[in-house]
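Note sheet for the following structure.
Letters A, B, C and D mark the chains as written, and numbering starts fresh at 1 in each.
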Amino acid sequence: MCRFVLYLGPRTRLSSLIVDPGHSLIRQSVHSREREEPLNGDGFGVGWYANDLSVEPAVFRSITPAWNNRNLQNLARVVASDWVLAHVRAATQSSGVNEANCHPFRWRRYLCMHNGDIGDFRLVRRKLLASVCDEAFSNVYGSTDSEHFFALYIDSWLAIDDDDPARRMARALKLAIERALTLVREAGSGGYNYLNVAIADGDHAVVSRFTDDPEAAPESLYWFNGSLYPELPGPNGHGMGHAVTVSSERLTADPGWAEVPPGQIIVLRRDLAPEFMPVLAPASSRRIDRTA
Amino acid sequence: MCRFVLYLGPRTRLSSLIVDPGHSLIRQSVHSREREEPLNGDGFGVGWYANDLSVEPAVFRSITPAWNNRNLQNLARVVASDWVLAHVRAATQSSGVNEANCHPFRWRRYLCMHNGDIGDFRLVRRKLLASVCDEAFSNVYGSTDSEHFFALYIDSWLAIDDDDPARRMARALKLAIERALTLVREAGSGGYNYLNVAIADGDHAVVSRFTDDPEAAPESLYWFNGSLYPELPGPNGHGMGHAVTVSSERLTADPGWAEVPPGQIIVLRRDLAPEFMPVLAPASSRRIDRTA
Amino acid sequence: MCRFVLYLGPRTRLSSLIVDPGHSLIRQSVHSREREEPLNGDGFGVGWYANDLSVEPAVFRSITPAWNNRNLQNLARVVASDWVLAHVRAATQSSGVNEANCHPFRWRRYLCMHNGDIGDFRLVRRKLLASVCDEAFSNVYGSTDSEHFFALYIDSWLAIDDDDPARRMARALKLAIERALTLVREAGSGGYNYLNVAIADGDHAVVSRFTDDPEAAPESLYWFNGSLYPELPGPNGHGMGHAVTVSSERLTADPGWAEVPPGQIIVLRRDLAPEFMPVLAPASSRRIDRTA
Amino acid sequence: MCRFVLYLGPRTRLSSLIVDPGHSLIRQSVHSREREEPLNGDGFGVGWYANDLSVEPAVFRSITPAWNNRNLQNLARVVASDWVLAHVRAATQSSGVNEANCHPFRWRRYLCMHNGDIGDFRLVRRKLLASVCDEAFSNVYGSTDSEHFFALYIDSWLAIDDDDPARRMARALKLAIERALTLVREAGSGGYNYLNVAIADGDHAVVSRFTDDPEAAPESLYWFNGSLYPELPGPNGHGMGHAVTVSSERLTADPGWAEVPPGQIIVLRRDLAPEFMPVLAPASSRRIDRTA
């Protein structure tokens, strides 16, 4: 089922998210608290943006567990960024542990991480692939439901025309979720979907907390508004505005952590307050409500 | 482009093929002679049958090079079989080095290895996948042209009705090659195919040596009739008949090595002499000629 | 702290120990019951003897966790032996996860696995290495206390003259433990030793359950006398006598599992009942009591 | 025998050294020109300093070859530094391929890379380890001659008192080489040493080109004075002075590359011209000559 964390704000070390907090992502790789099975030891990945160096983000992924990876420890201490994504994986039986199956996945400037699963994915995979454009199809290298979901997102994003980049991302995520639900429903096996999905482009991010299982809550997801970590001067000698962290589990005991409401997408932009948008809005209300 | 070896005969150690000969497969992973680029260092795999223990063969694959893998050295010394396949990989740029992309690939009792490539594979991949049945589709876990070709084979094998298992395999391989050629031709980019493909089921094997490039020879392929290696008593205390080795390059300086003729499939059955069959036979001659 | 299992008896598949039992070693890699921290995910190793093929045993080790390793699953299904050792590792902070640090360790025909630790190993390492002969020293490739303990064993074994191979192994293990205790005591830091150690040579094995911590029990260790698993015909068409399994935790719910008594070494020989020997016997009683 | 590169100068991407030049380090991992065997495929490592973030440098090492490692490609594009070391390994038979054996090795702020070998290392290892202080001893985690040489360096550095940090490093390297030669000579087997060694501390670096084999030249080593790569603004918005690159082979066809003279140590300091110092100077001339 996996755990992940996403950070946007003043430049900070990767270790501030992955290693240092009391309930850091590495801690969650061994002892996550809000999953029945606490272990997320089937590989990991980190991604970050270095906008002064490359439009494409860095990605470092590995098939060994996060808790014993020396390279991760070393990079986390020395790499700093104002945009960080990190993910620890708990593989499902059907998809092997190899780097192509580790999150985050990348397409152009976009990174994608997933916590959850597509219901009865094996029944859905073919139709899903058949439904996307060549560019989305060609970005699939492995066998996870998560990477296939990202193909749905890419295809949706390419089909949407919106001047506001964050809104376009949120609408694409919403559409991709709707399409996944339809594909699973049409497969007829009665499976449910758990779709906590984070997508970033280096300037904006959208993160959903969603399930269509009527008898269950979605996977846990929290956000924290403001600074939790040591902030470092940016490349231009000053910080970069407001900090927001979104995480599968609370990284610290700080009372400021809030749940992302079930069924919502949190939309992040640099230096603006986060917004929320329902995943399954009535058509008439497809606008973003500024709620925070 | 890769190198591979396949052995059928009295029980022998894996090391007899992989480690010991003067031009062993491990030697070929560093210094292959019949490729322009001598290096085949992008992972490897071995497969073998232990028919008394399991209908499904063993597969051991790794992303590290064959020449420095201690596990391979250890297994090769202690594992013996009357059926061995082994492959060292030279990855093309588009598909990453991970275990899902290492040969041999498996489906049911079948193992598949490939040396070569499908012309302009990225243009062909979607149509190829769309053309095969669900079972063949579901066996694709990675992103190599080789594994996708195996899906074509599986689909072809399932569609062919033939009482003779070896002939069914040969006809399926032939059909899969024809289908690959059609797919590439329809893609319209003018790419050519190099399809040295080995498929085994523990009792029979078929290996093609083929290209449709009118200006080039197919990749090298040799076979050796008879014993090259120390033979070991079988599980029942006796040997198991005739030995045949098929290999991308001659493993030894023995003058008995013969080229597999271009455009031919070599068909192996336990204790029978190998047969040859043209890949692109006129429809009227689709029978197996006993030529050896 | 690790978990391990050792089997001697009629030929059986590796999977009978590693995969199939309700509390198999793979299960113990995620959910061990008798350690405070249930996780043993820092690599693993298996070793087995194929006496008809090689005097040296096979060893397959990996830095990825046992529970998600496809090669282990594949080998376990197809490899059978009358002598199997397997180990899942929980690394201590000071020694990294790499193949040289995975158990079992090998020297000549001998394999060694360890569950526990040498007290304040960093203070002891130099003197330990200085105390052993060149051959024992040269067998150390990594940085674990376990591999260094094995060097103590090798040195002790070389120094002991005994016509009975099993007794020589037991005496060497006892001497190595005594030497480790002395080294730690002389380091003066007050650390304690946990030394559940298994050593095999393909015909005999010795396994200790020991700690010198007066306030704690040694790590758990059990043995099972007789058949637990499907037995397979041996290379000569018949089984090979009596089965014994020694394991950090009970593999099954069978009531026949017995604790190895604290402070004892269990001594195994083909087709003979196990014997026990105290680790720290009074000098006058340094003989093996046949107790089982 | 390995290949390496070291860079000090204005901030540049890792890719400028590792990926982009016509004869980049990745190119040298497959097709080095100045070794008999062109292959350096037994793992790799990169290290760099991020002085604003950590006094300890970053190290990223891997057992897979440099040419197919996606993480390396990704990091090289997005990580920039004013201090970079990178190494591709060709393992000798006796030491396995694992991360502990990959260069660069680290101690405190220091990084060490080696190209060459200590003559008959197996005969020397014990005495070498016995000759160094506890702190140097405790930094040895693997089994390479290179890491053991670094222990000699650490011990020598700790024993030398010199106010000039670069001179202290050069004297320590010189002393470590002398000690290695003495150890090998005393072993009596007549082996020779190849000691191209690079050591950096984030502000200074020393690199030797040396062999005591009277019938052979030392391994190749070149340096380039000035800018070869795209320079990036530093953390403070400006470049950081003069660029120097030291590399086993010329990275480019630029005529400005010069050989490091055999038997010399090149000494680098930020913003000063490189100096040279003989490895085996007569005692009376143990001063650094400013020659460049």
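Please note the rule applied: a residue touches a chain if its C-beta (ideal position, glycine included) is under 8 Å from a C-beta of that chain, and two chains touch if they have at least 3 such contacts.
Fair warning: this is a prediction, and the values are worked out from it, not measured in the lab.
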item: Pair sharing more residue contacts (C-beta pairs) when B-C is set against A-C; value: B-C
item: Chain copies touching (chain A, chain D) - same or different residues, decided at half shared; value: same
item: Centre-of-Cα separation between chain C and chain A, whole angstrom; value: 43
item: Interchain centroid distance [CA atoms averaged], chain B/chain C, Å; value: 40
item: For chain C, residues contacting two or more additional chains; value: 70, 96, 99
item: Topology of the chain contact graph, where touching chains are joined (line, ring, star, complete, other); value: complete
item: List of chain C residues in touch with chain A within their complex; value: 30, 39, 41-42, 63-65, 67-70, 91, 96-97
item: Residue ranges of chain C in contact with chain B within the complex; value: 13, 48, 50, 52-54, 56-62, 70-71, 74-75, 77-80, 99, 232-233, 235-237
item: Residues of chain C that touch chain D when the two form their complex; value: 95-96, 98-101, 122, 125-126, 129-130, 134, 137-138, 140-143
